[in-house]
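A, B and C label the chains in the order they appear, each numbered from 1.
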């Protein structure tokens, strides 16, 4: 229930894409006060910034599965806003403040990929922004379809 | 002795490469239960996942030099399985849970590169998976030879 | 005052660029004893290693704003030594040992970008080399101008 509400809220977030010269900046309007883009697309390559799993109030939810769903939906949203699909993701870094959550993360993470997994590093971090358990970044390369 | 045994074990690990569309996934068969590829090659660019220095039982060896040898051999194996060489590596991230091991790491690390070093970040991490001291990832780009 | 001295010192550091085959290694001469390049340029893509904000004595300055200035000037210097500009940076990772410095970092960081921000991850790390508060790395892609 909590999870469903949070995901619906996420779908209504606005994403702005700004084309500057040969590249496209993908910016989540709710985060535009901060000095970063969610992703930058140059040619066929999309560089993804660090994404957190935040609910509609900008907080990390109490339930860890909700957090994993939110962070992966956030990644997916940036990927799709750039015109790519999750199938195009080649590299992922998961920075995790509590390694005991490894299995919980994987269980949800693996549902996002259908044709082979990205190269991935799963790294124990220090404390993360907003007390998140996960910050996820990566690179996607548009397939020649 | 311990080190030699571990390296021999590593050489017998099977690596599977799966070509999906325009990209090749490099997967170590002993790790195929986990949702990641060791590397993904797209065009000339190889994205390396996080590699640990594990012995044949899947554990981090007691001796730190053995661990460094194992993690660098694991990286080299993925690089070569993709058809590239260590000379093609352009970028490396070392996540290290104990910075006092910096010199021990460098001593072995530098023997892997003959024509200039990759750009590298050496980052103090939190606790790493399997209590490893090092997790190493990076990017390689095949030289136009 | 401290800051100005440090920045002047930085401007006098020598940078060597070595072209090997199809790639260029950018090496800060004051750091050439270490097994890394500050950056490696392949085609239009520059891979930046981890940069610290060090003063002319190789130490992290007492003042955090000085440190942020130094680390961003170090990044800029590597970018420009490769023939690119800060406007070409597409991806940044900030590894930070004290998240309470987030706003101090952003205040200076954002002055370095004029046409949209790179995708960025701001990650809580463990202890960093030389007790730095920040280690910054990233990727830049030369614009087709």
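Criterion: a residue touches a chain if its C-beta (ideal position, glycine included) is under 8 Å from a C-beta of that chain, and two chains touch if they have at least 3 such contacts.
Predicted model only: the values in this text are computed from it and were never measured.
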Contact graph of the chains (line, ring, star, complete, other): complete
Homomeric contact chain B-chain C: same or different residue positions, threshold half: different
Euclidean distance of C-alpha centroids - chain B vs chain C, Å: 25
Residue list for chain B, restricted to those that touch at least two other chains: 93, 97, 125-126
Of chain A, residues touching chain B in the complex: 90-93, 97, 99, 102, 106, 109-110, 113, 115-126, 139, 141, 143-145
Chain C residues within the chain B interface of the complex: 18, 20-23, 25, 27, 34-40, 42-43, 45, 47-50, 93, 95, 97, 125-129, 135, 137
